[in-house]
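Multiple structures follow.
One chain, chain A, appears in both complexes that follow, with chain B as partner in the first and chain C in the second.
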Partner chain A sequence: MSRSPQALLERRYARLGLLLIAPTIVVFCAVIVYPLLAAIYLSLFQLYTPTLEGSFVGISNYRDLLARGEFWISLRNTLVWTVGTLSLQIVLGIGMALMLHQAVWFRSLARSLILFPYFVSTVVAVLVWRWLFNDLYGILNHMLIGSGVVDMPVDYLGSMPNAMISMILVGAWKYFPFVVIAVLARLQTIPDALYEAARIDGAGPIARFFDVTLPQLRDVLVVIILLRAIWDFKEFDLIFLLTGGGPVISTQTLPLLVYKEAFALNQMGMAAAYAVVMMAIMLVFMIVYIRQTREKEAS
Partner chain B sequence: MHNHHDIGGAHSRRTLLKALVAGAAIGSLPLRTRAQRAELRWWTPQGAPAQLDAYRFQIAAFEALHPGVTVVLEPLSDEGYAPQLAAAFSSGQVPDVVTHLPSFSVQSYYAKGLVEPFDDVIEAIGPDDFYPGANDVFRAADGRHVACGIGNSAVNILWLRTDIMQRVGLERAPETWDEFRDALQKLQGRGIYGTALPYGRNTATSLVFIGFIHGAGGQVFTPDLEVAIDSEATRNALEFYREIRDFSPIGATNYSWGEGLTAFVSGATATGLYTGRVLANVNDQNPRLSDHITCALWPTMTRDIPPWTFNDFPSVFIPAQSGNKDLARRLAAFLFEPEGYIRQLHAAPGHVLPVLQSIGEDPRYRDNAIIRKYRKETDLMAQAAANGFNLGYESSAHRSNEKAGEVIASGAIADMVQRVVLNRENVDRVLADTTRAIAAVMAR
Partner chain C sequence: MAGVTFSRVRKEFAGFLAVEGLDLTIEEGEFVSLLGPSGCGKTTTLRMLAGLEFPTSGEIRIGDRLVNDVPPGQRDIAMVFQSYALYPHMTVGRNMEYPLKKRGLPKAERKAKVAKAADMLQLTELLDRKPSQLSGGQQQRVALGRALVRDPQVFLLDEPLSNLDAKLRGYMRAELVELHARLGRTMVYVTHDQLEAMTMSNRIAIMLAGDLQQFAPPQEVYRRPANRFVASFIGTPSMNLIDGQLSRSDAGWHFTSPGLTLPVPALRDSAKAGDACLGVRPEHVHLGHGDLQAKVQLVEQTGHENIVVLDVAGGNRLTGRTPSSQVPQMSEAINYRIDSDQVHVFGPGDTGARLNADG
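Up next, the complex of A and B:
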């Protein structure tokens, strides 16, 4: 039975399609699937980090971690940190973007300068903040004492809730420029006609913000919140350098716990289990968030 | 004028030549890679600028002696070396020579087959030249040496401001905890804190507090390495550490080694706990205090408890995965060549003390402005360090503890201090938790 020329052509196109998509699949497998499967595989072993030698323990790492109070405290800390810093980043970011959208003097310079915290290395930023927070030489304590607000220096990083608040503030300062860039870009594409129409309808500045600006920013905010939530949830360097997770484990987040297991206690298997659980938690949150956003859009 | 500055600068042809001649003497070690292109990586957590200058001098001399060989110096942080080494070992990207790590860390790695036996390097340096017993702490269960000391260090030395002592009528350094508390009460005031002890969640707090447990007559492990931290001595140490909390700056809850050192050197505190690095730092950074400091052994709870000096026994060792072991051995031995070794010691006079008798007696070593000026203090530290211990070697009766590094890295002891001192949690419950946490590390 002879094949029709059209079928042959289609088959050839299909093969070409596979060939063209193959590099993407290979790269995807190499950078996403393999590390993911490797992490899950490692999490089923008890492994000594420096040698990566150990024994198969099945799901016992998962049982252990779920039974540990430290895991639940670290999860709570991670959520407090993520929600706290993300909320501040959004509020500050939108506020600053609105300001920079106005015709203010030195607008171009201000738009460039606002990016500074985002571009500066985290290590440098944390060192500067640690110096500002320093109890003996820090400018913040110096100003507070000088102005008579407090008699004794404030312990910003060594006691609770100060340590968590300081961490959230520094995180917000470091990452809010990302929100500014994204929101500012969107603000510039909102048609002026919408604001004109709102003005004609008698809407004041606040009503215009809630009825015109915010709905127009909705799409970009969904993406910003999604991305920043992922990044903040797995933030390591800023927290590690600022408080080290202390006092005790009051600011220890899940990434710090993974690090502690992997490189301080040399338990790579347990660290991988924590990492897998972290990923699962993030996945659940993201699915819920995206679903709710879609439902709101649909309604 | 500081002698270590004089020699820490550019390398003169004469001194480089001397180093070359001495280095040539380390010919007893095998060298399969002669005239071969190779790169050696050298890791150290001791990276003060003057020390880096001294290392660079040694590297230049070694490279001149071994054409085609390049030595790359990679400084680590005191708090971060354990994770960095764990990552290096697991990835196979190890350094070829590691210096200045505490003895207990090396024992942990050797027990897992990650460190090369070091006996032939000790043989090349000259085993009889080491101070008696200097390398006992590096002897493994199989009888071989896992490393050797590159220096001695008396870590928990009590530093005092003599001018403030004089002002408040303190005639001598406190020797007991009661005397220390009384002294802090007198010394604190006029904007100056009594002391600056670490209360942070870090290794400094763990290591310092182990000294307090011993200062109360206790121990973390029995000589057979059973966990013994849940004791009356630890309770007393915790209570005392809590009592004197208010004599440290408020930010001490986040202090590690550096912050405590800076607080004393800057004049913010009347006493401090640190090694002999205080001497160089005061002379360099705050010379107005240079005539008003002295040191003493850290006080103990009562006079009948002898002082326990924490010596981390800074080491030099070779990772087993090094791709250039023969060259690494030669470099390790070369680091003890007098010209370069004295430069190393002078880079932090009193901080890293010599382990070789010939160096301790060498007039070139003695000829240093700081060592001359603070002879009493450096002699005291040398003597204390020679009789010092650490968690891997708590007393001469203790077995070597291969898990000591992981116990410190686990943060169990720092957590205990923070829970009792800062959170004021129930001591019995905290001690029971700490015992469990340490036992879990030991059982792994």
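Up next, the complex of A and C:
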């Protein structure tokens, strides 16, 4: 055992280090590790939500879940919603960012305006959209009928595939500003000389987009897509408020299913099992995201 | 092949005059440098020729073709940017291939041209690397290669060597001269470094504040600078410029300044007595003998010679050169002589015209 003053000092430093990161670790354990473990633990029981009483059933919740049609329908809905709204967000986001990047004079004004849907509270936004979509007094139907495009009111939220399409559109509207801001920031750092070189090399506007802009946006797009994929995958409030999963369960995604099991059907154990499966799926995205950011840091 | 003609070309940026009524005719196959201090409009001139900037008025021709409204990609020019502007996600090979691809050349032909250019610039080993994996000098050569593959009528180069270290710059200067000799293409080269302009060009266009000052071969610019600005800009150490008075007697013209009176060579008819400026190159200030005297202020030993700064009476300074064997002592009083056949006389003002009769 070394008792030199230096070793003592080192040990004291090590203890100081532990002390400094301890609060973070405690908070991390309390808000992330504990709920996570608790969810996994709960998923092994059959529980009645109001009393949280029930019996240990092992993995039978998982076996049930995989055998249920509702799980697979909800998973499919989640994927359709995520892929649909995310693609629209990316396309709209890049398009709008390119437009804002060109127009210098109203750029700063437009940049704050464009953030509006992103900042407005989901409840408010969804209420406004439900009002616009309303089949009896909604302005969309009013305009469509008035201009003669349709002669019957369109049922935007109560029928399929309209409900899914409406949901995807509202999701895209709400979240594309995030893409705009991230892409715009990157666009502004692309050197003009690259575009000029491409013009001299004979590249037209479209070639310049695909050969200069898009490759430069690649890194930021990977991060945006991964982050948004995770967030869209677990989106709850927008869907719950807009369609509530209906008609029947046609737009019910996994987060809604978890909610329904836990608080409508009072099956807390089953709900926890769904949540754990969701987490496992999202873990895939997470791992890709962590890989990607680590790679970027390394290079 | 084609030369380049600027006729009365002006360029204004929101009220700021960057290039003023430029008239310049560059011959076919000529290597011309645009030289001048930072902000004098060199890059703007080159960018107008490239089509990246539109002249406010005036005409630009490449060969006989008026190119004012021709987009950059159709001007049959290639440009090497100061920042190189290599496409970061493409390999060296793809970078060089890109302009050929955009012109729709078949793949086999593209490969052959890239291979040939890569061979010429010793880039063959690097074709599969990304620009970020190359040194500055290598990136520079790739940028040159991307211009070369197309075999354009005119090469435009905007300070292509300014990001390289001194040794590499010297090497690349020689490479570019050789390349120009081999290709025989018209090259327009922008630089603020008079040494580059002097060593590489057939002719130098010297600019100041958007205005062309002189357009002549390097030796001409050195021996007969059109005005005081050109004289001060060309040559290191730079020409001694002394303000004083010009006067005429029966014996001819004389220049006087505190501590200095000197006969000057024949002047033009337009020369007038009064304020003037005397210009003497350091190599025409001979130290160690002569009937003038001054104090040695500073001695800089560069190795093959010494640069000596003299403190002439009346606050004037003179720079002279001595061979490395002759090292004057600091503060020593020294005799010197000015080669009065070799002096220049300029009119008053920063751009006072040269008045010597041989101009």
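The rule is short, and it goes like this: the second predicted complex is superposed on the first by the 255 of 299 C-alpha atoms of A that agree within 3 Å, B and C clash if a C-alpha of one lies under 4 Å from a C-alpha of the other, contacts with A are read in each partner's own complex, and residues count from 1 in each chain.
Here, a contact is a pair of C-beta atoms (placed from the backbone, for glycine too) under 8 Å apart; a residue touches a chain by one contact, two chains touch by 3 or more.
Only a predicted model underlies this, so the values are computations on that prediction, with no experimental measurement involved.
Chain B and chain C, once both complexes are superposed via chain A, fit side by side. Using the contact criterion defined above for the overlaid structures, shared-chain residue A:Glu196 touches chain C, although it does not reach chain B.
Legend: residue contacts after superposition of the two complexes on their common chain; A:Leu52 is shown touching chain B, with no touch to chain C. Within the superposed three-chain model, A:Pro117 lies out of touch with both chain B and chain C [touch as defined at top]. Working from the superposition on chain A, the chain A vertex angle toward chain B and chain C, CA centres, sits at 150° in steps of 10. When the two structures are aligned on the shared chain, A:Ala262 is found in touch with chain B, with no touch to chain C. Note on chain A: of its two partners chain C and chain B, the one contacting more of its residues is B.
In the superposition on chain A, contact is made by A:Val212 with chain C only, not with chain B. Applying the stated contact rule after C-alpha superposition, one finds that A:Gly95 touches neither chain B nor chain C.
For the pair chain B and chain C, the minimum alpha-carbon spacing after aligning on chain A is 51 Å.
On the chain C side of its complex with chain A, the touching residues are 50-52, 71-74, 77-79, 81, 83, 85, 87-90, 98-99, 102-103, 146. Those residues of chain A that touch chain B in the shared complex are 48-52, 133-137, 152-159, 243-249, 259-260, 262-268.
Across the complex, chain A is touched by residues 82-83, 85-87, 89-90, 109, 112-114, 199-202, 249-254, 263, 266, 268, 406, 409-411, 415, 418-419, 422-423, 441, 444 of chain B. Considering their complex, residues 191, 193-194, 196-204, 207, 211-212, 215-216, 218 of chain A touch chain C.
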